[in-house]
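Same chain, two partners: subunit A is paired with subunit B first, then with subunit C.
Coming up: the complex of A and B.
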């Protein structure tokens, strides 16, 4: 494997996969680097070998098409590979990667980041109990191995995902105790105009809801989970009616799928100097990029959910735009692609994002004794007290309370912490940015980074003055 | 927007030295304000590895380090102080000789350093490598939790009713009857000023047309996830290029001054994989079980220095009523103490130990 390429693409979801294909078609030598064993990302995740014969899904088909195209031989695809640091040196990007427990370096003239999104869960009492998984996390279980979250599951959260997950659980033979969504029917009515442009996606949504209604699964609109009970395992959930802040029904269940929308993974872009801005309609803090992926940083392009949650369809289209642009820039050719299709898909995606954004009333369900930072077991009142003592930035809270210094690096807790700072200090959320991201972008085993070495070969500099 | 208050002193830089000086001069009756371009204690004071080791202090600064060490012990739990003792290791004959020479001089300067046998060493630290050629021990060594610096001094300033401003970068300094400082919070007036901005001293002094020969080292620190107990004391290397300790929470903090990239003027520094790797390799060589530990975060901090690597502590050359404090090698350990000396000097008292003239000839050896 040569270690220098025209373009390196990080992330093999709809955006990164398509960016790779588009750039390769434009004549660039491309390497696609991804953490997963197969390309497809979260949405187009591939089936594991044990479920290959299971029925096809639209996401599976789209993923298979991508995987087949990537396998045509002109593209280098590095699966199971973790990028832990990226630097610009001597006008090329150098990526530190760990593949199969071995550290190597890859260099490329241009870099396309398609780092996707992660799930937000508004913390409530008991949300760290085993048996609680993310809504998006649940879809990964279905797609890869047809695994169910439990025997009897409550599915709760915002946006369309809650209905997809509930319907998939039923399709795979599980029991859905209830669907609990903070959205109201009026929220959905408001999203209708944007949805009409994507009739296929709208029809799928209608099928999910019809299935749940026919099966007489309770659907609680305008409700949220306020507490999860169970010690070693979920035993039940308490719901809360948001409109008048009263208790709703409770359900016994052994599992809960819980999610409140997606957050762009901006850390790599932010670390490389791309400006970030707060835009709730795109999922919170987003890295700034043009529709064709170009950024203010030379030879760095972004596409997909990492620069704003616009959904898989828009991500795939932006991948094509970004891959083409990057390849043209390298070849010194102008790019004249139309962004119209992307904008139409993005309109639908943004409507879904709007539905998925946690509502302010949800924040009130995060009680003082709720764990906010699960890596370090810090409660809401621990963080709140630190803010009262004068820590008015996420960095100060991290320094004083370690929230963000655990294995997740703040990916789980920073959104809730920023909201708490804003609430307690009166600052707008846009003035409470996340802490500066630092390498490693993912936790890496020390021995693998250090690699094999002879002591005498370590480049130990001359000692400090006596 | 302009304030009507004229402070006796405005201290620019809210790290250990700025905050501790503010506390000292306020005790002496002066009205002080602390201004920081970011948050308090987020520069070198808050991102260094927190090592409080006499074994890695400069010989001539040892009296200051001994006093500073004592102050950290007094601050105690609020700053995560732990006196664990520390071992400094040599892995080959050349390093062993260096260790012998250096630690002998440091012991003569007052640090209670002794040499220990491999048997004593492995009894105390069974997870250390067997490949140690020589080792020294200092029972006074330990660490504090540098990330608590901001929290600690914020509380101390509040208790002392000393105002501080975060996110308050001084962009111009005008000499009037005293000083008028232009900031995002408006103009702040003070009769005198102290520049205590660490690695940002050079651009700050330039606002007064003073050229301080301040350079910045870009020191790298890494931390692992929580681990089962691996070491009980602070572990160092004969060259000073490794410092390592396991915190009470199980995380292992690895430093040693390996150089990252970037300059203070261009914002935060960045880690360089080419230097992180040997830094981690050296740590793993000392404690082989670290190979299994996952590194969760590596970062850099700017350590200011001048060409002779001794402090700047005294009058800013050519500007009346302006002082400067910074560039202290081992500044985390020494900072709280040298700030007291600086405060005494500003209050017109005779400091207990001599300060370091910022107007000296940096090419000559300090006597």
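Coming up: the complex of A and C.
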């Protein structure tokens, strides 16, 4: 029998976790569904059972606080659970979920999507070599397993994450060969006014950078990685100076952490009919929602990075707003919450997003022979040829070349493909939307969806009258 | 040398080591840690060959999205980054 709730929340990061708490406090019966073993999302990801004790970190403390609050008996939390389809029937949301290996259905009156973000990595030659991991991927390794990416690591990418990752490598006893960031010191100076409102975060960033300088780790501002060398594993990287498009120093290393900002996970919202718009200042394509999470779709709310990259602090505050709004709407009560705190936190988050957005000069490092679609091993020129043949939308590239149809579902190639289409056709990026998402929203082994069934139990429709 | 970011490596206490196999080779890891982390630490970076050009691939997104760390356990394709290490685990290549 399907379980019925007042509100279902998808995603247990700062946004979804806080939305769940706020909705439950307002009296709603809430279920929180999340694909990780414990709540916290990516930013507050919990340690695995292999870590018996370790020094506290700000992310760990914030995550533990959220996890302790969620352990309150009134909340149902489904960990290790993936939502692979969502439908609306008779004013009720019906979610198809897969917990471990069991397929079930959950129904709810209102749905809050807090699907967070994924990482964008600008493809360069050799980025598919084992030993190259995402910058955000590296943080998952640190937080969950306290494991280093390798013995000697080059850390490269945009925004504050590059310094956080380099600093965590040093904290866990590893060696940083170099920090390579496309941002210039002038880019950071421009972000200062928005950062002053968050002095604690600013001070943390200053410690990361000063420590790297004291350790004499080379920091290359205005540089990017243009090529990764190594066959079965990374052996080194070549850097490129972006200002004048010349070669920079090369480094030997056994690992590379590479990332260029976050992209909102909009697929579920888009599939349910929420309008999407292109806003580079929020990480690209975002699903439209009010500050309190309300959308144009009845009983559907969004919060956190999934409706624009504004960072963890803003995500948590928007979660509270969305959870309260959803619970009040169900109870027929008006909502009068102030969005001022959220707006202040969002200002800092947006400044960090502005630093993280890939620049056109970075895109030029994706050469014709660079693999763009990892799943199908398709190069930039393969996709470029398809665009020349008239495929001028991400959907037509997908059907013509299968780029975006592999196991990742296009999550790691769509942005680069859209940029290539825009560049080649002269269309603005805002006219190259991602393809319409279809279930499964997450990879699902077919045997698990079908489940155990008896052929005799299958409903057979009556023959239509002639 | 002055360090503003202290080295915490010696302060981390991990669960007991267990052994499992990857592609028939014995590997040790800590019980309960992610399989992707254990394989990485053991030097098994290449986990599979890409389908179309047979190029080597390994863990990439580390958060269950990219499917690059796909391995086989009990006949099922699973993501190494979303699988816990346990004793006697027999992990195969896709």
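Keep in mind that, in the parts below, the second predicted complex is superposed on the first by the 456 of 466 C-alpha atoms of A that agree within 3 Å, B and C clash if a C-alpha of one lies under 4 Å from a C-alpha of the other, contacts with A are read in each partner's own complex, and residues count from 1 in each chain.
Simple rule for what comes next: a contact is a pair of C-beta atoms (placed from the backbone, for glycine too) under 8 Å apart; a residue touches a chain by one contact, two chains touch by 3 or more.
Predicted, not measured: the structure shown is a model, and the values here were computed from it.
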item: First, second, both or neither for A:380, with subunit B first and subunit C second; value: neither
item: Partner chain(s) touched by A:407 [first = subunit B, second = subunit C, both, neither]; value: both
item: Which superposed partner A:351 touches (first subunit B, second subunit C, both, neither); value: neither
item: Which superposed partner A:124 touches (first subunit B, second subunit C, both, neither); value: neither
item: Which of subunit B and subunit C A:145 touches, first, second, both or neither; value: second
item: Which superposed partner A:177 touches (first subunit B, second subunit C, both, neither); value: neither
item: Comparing the two partners subunit B and subunit C, which touches a greater set of residues in subunit A; value: C
item: First, second, both or neither for A:443, with subunit B first and subunit C second; value: both
item: Subunit B versus subunit C as contact partner of A:416, first or second or both or neither; value: neither
item: Which of subunit B and subunit C A:219 touches, first, second, both or neither; value: neither
item: Overlapping contact positions on subunit A, where the subunit C interface meets the subunit B interface; value: 406-407, 443, 445
item: Of subunit A, residues touching subunit C in the complex; value: 35, 42, 48-55, 118-119, 128-134, 136-138, 140-141, 144-150, 167, 170-173, 207-208, 210-211, 214-215, 231-234, 371, 374-378, 406-408, 411-412, 443, 445
item: Residues of subunit A defined as touching subunit B within the complex; value: 85, 87, 94, 96, 103, 105, 271, 386, 389-393, 395-396, 398-400, 402, 405-407, 409, 436, 438-440, 443-447, 449-451, 453, 455-456, 458-466
item: Sites on subunit B touched by subunit A in the complex; value: 38-42, 46, 56, 58-59, 91-92, 98, 102, 105, 131, 147-151, 154-155, 158, 166, 223-225, 238-241, 249, 251, 257-259, 261, 268, 270-273, 276-278, 280-285, 290-299, 309, 329
item: Footprint of subunit A on subunit C - complex, ascending; value: 1-15, 29-34, 36-37, 40-41, 45-47, 50-53, 55-68, 70, 76-77, 81-82, 84-85
